[in-house]
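The structures considered in this document are given below.
Paired with chain B in one complex and with chain C in the other, chain A is shared by the two complexes that follow.
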Partner chain A sequence: MKGNGLGGSEAVRVWALRLFVMTRKELLQLGRDVPLLLFLIYSFSLSVYISGAGMMMQLNNAGLVVHDGDRSESSRELIHRFHEPYFRFDGEVHDPRMGLERLDRGTSMLLLDIPPRFHEAIMAREPVSVQLQVDTTNAPQGLSAASYAARVVGEFSFDLTSSRLIGASGGRMDVPIVESAHRVWYNPNQDETWLQSIAHLLRMITLFAFLLPAAALVREKEHGTVEQLLVAPVTPLQIMLSKVLAMTLVVLVSTMGAVAIILKPVFGVPVKGSFALFLILTALYSFTMAGLGLFAATVTRNQAQIGMVSLLVIAPMLLLSGITTPFEAMPSWVQSLMALSPLRYFVDVTYGILLKGVGVDVLWDSILAMVLLGGMLFGLGMWRFHRQFE
Partner chain B sequence: MTSGASHGPDSPVVRVAGFRKRYKKHVAVDGIDLTVNKGEIYGLIGPDGAGKSSLMKAVAGVLTYDEGVVEVFGITVDSEQAAERIKSRIGFLPQGLGLNLYPELSVEENIDFFADLHAVPRDMLDRRKAGLLALTKLDRFRDRPMKHLSGGMKQKLGLICTLIHEPELAVLDEPTTGVDPVSRRDFWSILSELVQEKGMTALVSTAYMDEAERFHHLSFLSNGKVLASGAPAKVRAAVPGFVATFEVASQREAITRLKQSFRQVDSFGPSVRVFIDGDDQVEARRRVAAAVGDLACSVISVSEPELEDVFASLLLQRAGRREPPGPVQAGAAAYDCGEAAIEAEALTRDFGSFRAVDHVTFQVKQGEIFGLLGANGAGKTTVIKMLTGILPPTAGTGLVAGADMQTAARSIKERIGYMSQAFSLYLDLTVEENIRLFAGIYGLDRRATTERLRWIVAMAGLSGYESSVTGRLPMGVRQRLALGCALVHGPRVLFLDEPTAGVDPLGRRRFWDLLAMLAREQGVAILITTHYMSEAEHCDRLALMHAGRIVAEGSPADLQRQVRREAGSLFEVVVDQPGRALTRLQGAGFLVTALYGTKLHFFCRDRDQDKACARRVLEESGVNVLSVNERPLSLEDVFVYRIMELERVERPFGQTVGA
Partner chain C sequence: MNLRRSAAVAGKEWRETVRNRLFLLMAFLLPPLWMVVFSYGLVLDVEHIPFAVLDRDQSSLSRDYVYRFIESRYFDYRGSVQDEREIDRMLGDTAIRMAIVIPQRFEERLSAGRAVTVQTLLDGTFPLHADTMKSYVIALNRAFSQELLAGFLARTRGVTSAETRRLVEPVTLETRYLYNEEVRSTWSMVPALIMFTLMVTSPLLTALGVVREKETGSIYNAYGSTVSKAEFLVGKLAPYFIISAINVAVLWAIAVWLFGVPFKGSATLFVTASLLFILCGTGIGLVISLLVRTQMAALIITIIMAMVPTILFSGLLVPVSSLSPGARLQAHAFPAMYYTDVARTSFLKGLDLGAMWTDMLALAGFAVALWLVAYGLFTKRPKT
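This part shows the complex of A and B:
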């Protein structure tokens, strides 16, 4: 198709040369943009570290106030069982209403109310209850606190029962007991920093794979340089592909850096699967996101607009693609909508390779989905690019 | 005005002393002094980046400055409070066509908004609005949204909005840039009328050298400094000299010889133009003849220099003796002069219901410089976009470098060079990186790239700049780099879309020098658009575009001859009551093309008889005629005449509908 007099191999050489000089140009330009470079480096290093170290979703340091109406041996025993790191003892109140007021102000999270005659009831072998009031403004944290507290109370009750039984039967416990012996896979220490740091790396890959090529194209429109390219013998495919290639390379190098400098040495994230496969699929994902970014760039006129569009497109993707929240728990319509989000598949790929150590045999469906979406988005971008100048 | 007490009626409206403005490390204005007196139109002339806008913004009280004194109406503008005190008495029109207006609002709503900002009472507003709308001929478009106005109309509306509160001082930043010559003349007429009737003062900036005559007082700015200041005649007298124009068989050879003794030598289409220092006309003629030597040439005509020559001369003095290296002589490529490089046949392009280009037909031969002239929105850029294959035409055909633009857009792209309106290279890459990028895009291999790189650097005078980042280069250098990049693959056809906008006169001349070399020696066909009418003289042939159509075509001399034949010679009359003189002359059937200050331009078919008639008409009605002189017909006069003729033909239809 681009014959016009050139020999076949010559045509290929020229085509490749054009793509090469255009890609090199993108890298040169990025290299000159010092603020953007600094932002890029920060995003893939310090910001990953901060998220890994700082974002805690597990129950930690929940403030507890107690209204102890009994002030007995048993009540003290129960209170002592609410210990660190999960709970923080915030002191006692003399009136449960004062405790509620603390919950209102948000200075404490739980109010444990122990009734009078608590100890007496236990000694008399009568059933007795304690009241627990929990602030669930932050629902997952609140639920988590409530269930931890319930477990503490349950264990207290179980220990009372078993010591009573053992005492009665002369050293043997003569009741059936089912114990749950669970085994934690993939993250044996349940170290939350792994999840958070990987999740943040995913966010950064998504953002830059979308924004870098989009901004590069929209800047050419803003400065009028795209016109110069259009009258030169470069095809729209070369213009767009060169941006994708350059920016994918940048994202790959940054990702490698983040894994080598932060994830592995600082948080001890194991790379169980093939790191090469992870990089190849990261490149595939970058290509997919770049397609989306270029499409967005063709419908916007300047860098401010592309910033706004990225908020609109990227934010729901980041929130709803199951990076930190279980995808299966979302309403079914969100799930079907997010089937269009490439990130949803890349999440499976990333956790699968890095933590579970699985390979293509397990991930093939996610990979296929990314290939299809990427091809579609890139094609859409190309089509819009052609259209906008007519 | 309490502290205005010391501000007597004769004290200056604006006084600026030692004004300095820095943007980070870049010094935009470097010590300027000027005084604007009441009732004056004071002009600031200079290329982009000379410091005009910074100075005007400071006078309008919207920009802080680093050093110096800015006094407006005797109030020192050095704080927010001081600026507030003068704001009600000044009107500021920022740079950019209609940028201060609201595109969705109608003409009338825009005016009302600005009036309300200044709390103009209703009855006064209605009276002024009626007057200004009539003066600007915008009254028929009261309800039209501003975004649907033409560039010239937008700028007139901008002027109304700036002046609706009848400020004592109008600060107008490049009000005529990109506006068609007819609207530009209207603009100046309106301004001078307001200045005379209301006793207003105006501080106006412009990038058009040929507008300098319209000012009472002017300052030439370059690189943040004043090069010359005074009344136009006084500035001209500061650099005594003559301009010699003649035609010669081998133009390049003549220019090479002349350059050894003269600093300002230009090719104007087929002729050569030389600026000669000194005040002896006979001596000037003799020196040129001596320099040309044995080359056969036509009679050397000697005339007064234009202000642009004076400015160029001043710039050269400042630059010192360091003459930039001239274009390199490349081996003359064999080419057939008669071969058509561009053929446009009834090209038409519609955008929705709007016809941007209407049956445009022209031809450009190899080795020819063809100019497409017209205002913003006349359709020039659309024509170029169609011929370069960016935009498909609605109808018509075009042949470029032997390839049909509809079927072989791709081969066209490989054979042409293109340089767009805005500088369209990568500002964050260096000169060499830009050249290498385009070499790669055009498929040059490593050896060819190195060779062309060397050629471009030499040709465009870029040596020493190779590794500078493009964004830090002066405009003139950037333009030459853009030209170099457009030539990297040695194209046979070159498209240039307003390549010299914003470049200083010296840079522009140097650029035209290069174009002439390319056309004459390499046989490159050049299609160029410009709205600098004075530049059009460089072209071999011209087409004037108006509202999407070509309204006149031919060599510059042809075009002038045609108008002279149809309308006669151009005369300038200086009078004491220009407003009255205008109505009298038009009433007597004279075609008046321009009015500014106290001067009117009009056409006379019969030199002596009509001239006497005009004088009689004016004197009978009590107008005092100070002088009547013939003026050389410029291309701008040609353009204005053509468009006025068109409007005269078209108007009857419009009016029957209205009536």
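This part shows the complex of A and C:
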């Protein structure tokens, strides 16, 4: 390139042509790997569908067994208030021990125990308590179920109080209470398929954007074909850039497909912001992840190693970047560590554009962070690549 | 089946692994590292919810009300705002997840014995969290209301405070937490993380074993030798099985000694289940290795196949019972779920085989099935 006797614009043209040829080679090579290609298609279609439709983190279908020691109007009224979709009624038991056995086996999660004389106590205006036993082998779910149950019993109790007060005041009574009214934004019906399908798409973009270029580069190293490339009239920059471009293109097309075929028509994800902006930023994110992948590829010698390094890098990113739990809820050391994770910023970008409908004016800091991380990682990868072969 | 020939294959595989330093290092380093990072880092409790307040009343009672939120460990106060547009902006920027709007005449109405509605605006991006926020707000409002009501009744009817308390809360709920009495996240997380760690690392150990030889052509040495199909596969699997088995012991020790999770169950059962489970894990890697032609495909498919269902459909984050029927089917078609059950039960519940035999049977079934599939897929006479 430098001083090949070509004019400036001619040199650029040749440079671009070579880059194009190299990119095409990557795409062809990927296209011939049929199992991988099929898996790619599965990952961005069916797999997104299954996770979107299937994952429910909200309390749902928690098995409840009841020991009703009273069998009265009041106890039935209370039991009736534990309803679907939060609770699944698993029947009554005659002995609390039988209920505990169900909890042991894990077939039910909660045991509600209503004492004898429950109705009598309520009628006599004596305080009374009901017992709840919760399986907390899964602590967050157990807590969530317990807090729902507290809400149900609290409402039951409060309704009793107000009916008594109203009864005492002759039918019309105003009481000094604070009532709660909620308005949920961005996802008014709290449709969890939106979150889960987007979350899964984020996982897939992350995995493929990292693994495809990383594996492609290590493969060349392992087979020794990278030596051929280095003596060919292409620069290391072109070798790396072509892999990034090819794989970014693949990820981008797959993402478009997933949004157009699954997210929008099947789950009704709103895509409130600009879809073009989302695609541009997805490309930026893929580029950043590819930079990370290529850097990882330069520190490993074969594909077994890159596999292990990928696990090391990717698993914490996927679990701790705030895909399905708000980032601010993480412990502070996780937050500082994950400041280095490009996914942490892309999560804000994706939810921001698709659900909240915000634009560059709000997302500029996340975009800037991705640009900086991407540039840094790509530069670092280039530097290592150069050093290894020259 | 000649075990000496298997041992020879295993010996060769082991030597290759040992020479692949970084790989070997990672194989032993990753599991404990993950265990520690995720046990401390993967916190699912909903706390420190950032919120802002729009107080249209600016009275002492409204300030008292807001203070309840500021005091609570569930909420993180991010200041008060002057109008709704500012709330829009802060929610859009994810500076806050919740905003409380206190109406005008809040104090006036409440002191006059009338009800007031306080509106909360919630960020619905994470529906579970929106739900939890609602619960917290409702509980807080109820407690506040009960106090107001008690004071009101004492003032207007002259009942004693003990009596009013009974009047405002006639039915209470006593909750007992079983198996994990203090509801520690780590206790429920750590046993599941043993599953996660084993499920994600063990397939990758074997995934490249056969396909690497296919790609480089050295598989023809095996094709041309006297080693039988079964002997070859056993030899390929053995070193990685042993690595995973060592990891089981290390992970168990971390769980018990570092995190102090009680181990209430039977050690024999847990060890048997763990060995069956890593047989499944390494078996999955082997099957993928036999199915594909390139290492790159094996690598990517294994990582995704191992990681995604393990995060989503294994009971790690969400109990299998709350998945949709389709996802539940996928969960049952994958060994991780059964092992999560065994691990959590062994650590926290301490039951015997009677409560876990279905899980054990399923794990054994998967191990045998994967082995048969691998045996069926492997041929010493490839078509091309």
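Heads up, the rule we're going with is that the second predicted complex is superposed on the first by the 386 of 390 C-alpha atoms of A that agree within 3 Å, B and C clash if a C-alpha of one lies under 4 Å from a C-alpha of the other, contacts with A are read in each partner's own complex, and residues count from 1 in each chain.
We take it that a residue touches a chain if its C-beta (ideal position, glycine included) is under 8 Å from a C-beta of that chain, and two chains touch if they have at least 3 such contacts.
Every value quoted in this text rests on a predicted model; they were computed, and no experiment measured them.
Colleague: Report clash or fit for the pair chain B and chain C bound to chain A in the combined superposed model.
Modeller: Taken together on chain A, chain C would clash with chain B, as the superposition shows.
Colleague: Pick one for A:Leu372: touches chain B only (first), chain C only (second), both, or neither.
Modeller: A:Leu372 contacts neither chain B nor chain C.
Colleague: Quick check for you: in the superposed arrangement, does A:Asp33 touch first (chain B), second (chain C), both or neither?
Modeller: A:Asp33 contacts both chain B and chain C.
Colleague: Which partner does A:Ala215 reach: the first (chain B), the second (chain C), both, or neither?
Modeller: second
Colleague: Regarding the shared-chain residue A:Gln228, is it in contact with chain B (first), chain C (second), both, or neither?
Modeller: After superposition on chain A, A:Gln228 lies in contact with chain B alone.
Colleague: Return first, second, both or neither, reflecting whether A:Met22 touches chain B, chain C, both chains, or no partner chain.
Modeller: first
Colleague: For A:Ser180, select first, second, both or neither according to whether it touches chain B, chain C, the two together, or no partner.
Modeller: second
Colleague: Quick one: name whichever of chain B and chain C touches more residues of chain A.
Modeller: C
Colleague: So in the superposed three-chain picture, is A:Asp191 touching just chain B, just chain C, both, or none of them (first/second/both/neither)?
Modeller: A:Asp191 sits against chain C, while chain B stays out of touch.
Colleague: With chain A superposed, which of the segments 41-49, 221-229, 275-283 or 365-373 in chain C collides sterically with chain B?
Modeller: Superposition on chain A puts chain B right on top of 221-229.
Colleague: In the superposed view, which residues of chain A touch chain B and also chain C?
Modeller: 33
Colleague: What part of chain A is in contact with chain C in the complex they form?
Modeller: These residues of chain A touch chain C: 33, 35-36, 39, 43, 47, 50-51, 53-63, 78, 88, 100, 103-106, 109, 122, 125-144, 146-151, 153-154, 156-158, 160-161, 164, 174-188, 190-192, 195, 200, 203-204, 207-208, 211-212, 215-216, 219, 222, 300-312, 314-316, 318-320, 324-326, 328-331, 333-334, 337, 348, 351-352, 355-356, 358, 362.
Colleague: Could you pull out which chain A residues touch chain B in their complex?
Modeller: Chain A residues touching chain B: 2, 4, 13-14, 17-18, 20-22, 24-25, 28-29, 32-33, 223-225, 227-234, 389-390.
Colleague: Please output the residues of chain C touching chain A within their complex, sorted ascending.
Modeller: 20, 22-23, 26-27, 30, 33-34, 37-38, 40-50, 65, 76, 89, 91-94, 97, 109-132, 134-135, 137-139, 141-142, 144-145, 148-149, 152, 166-181, 183-185, 187-189, 200-201, 204, 207-208, 212, 291-297, 299-304, 307-308, 311-313, 315, 317-319, 321-324, 326-328, 330, 341, 344-345, 348-349, 351, 355
Colleague: In their complex, what parts of chain B are in touch with chain A?
Modeller: Touching chain A from chain B are residues 388-392, 408, 410-411, 413-414, 416, 418, 420-429, 433, 436-443, 469, 485, 495.
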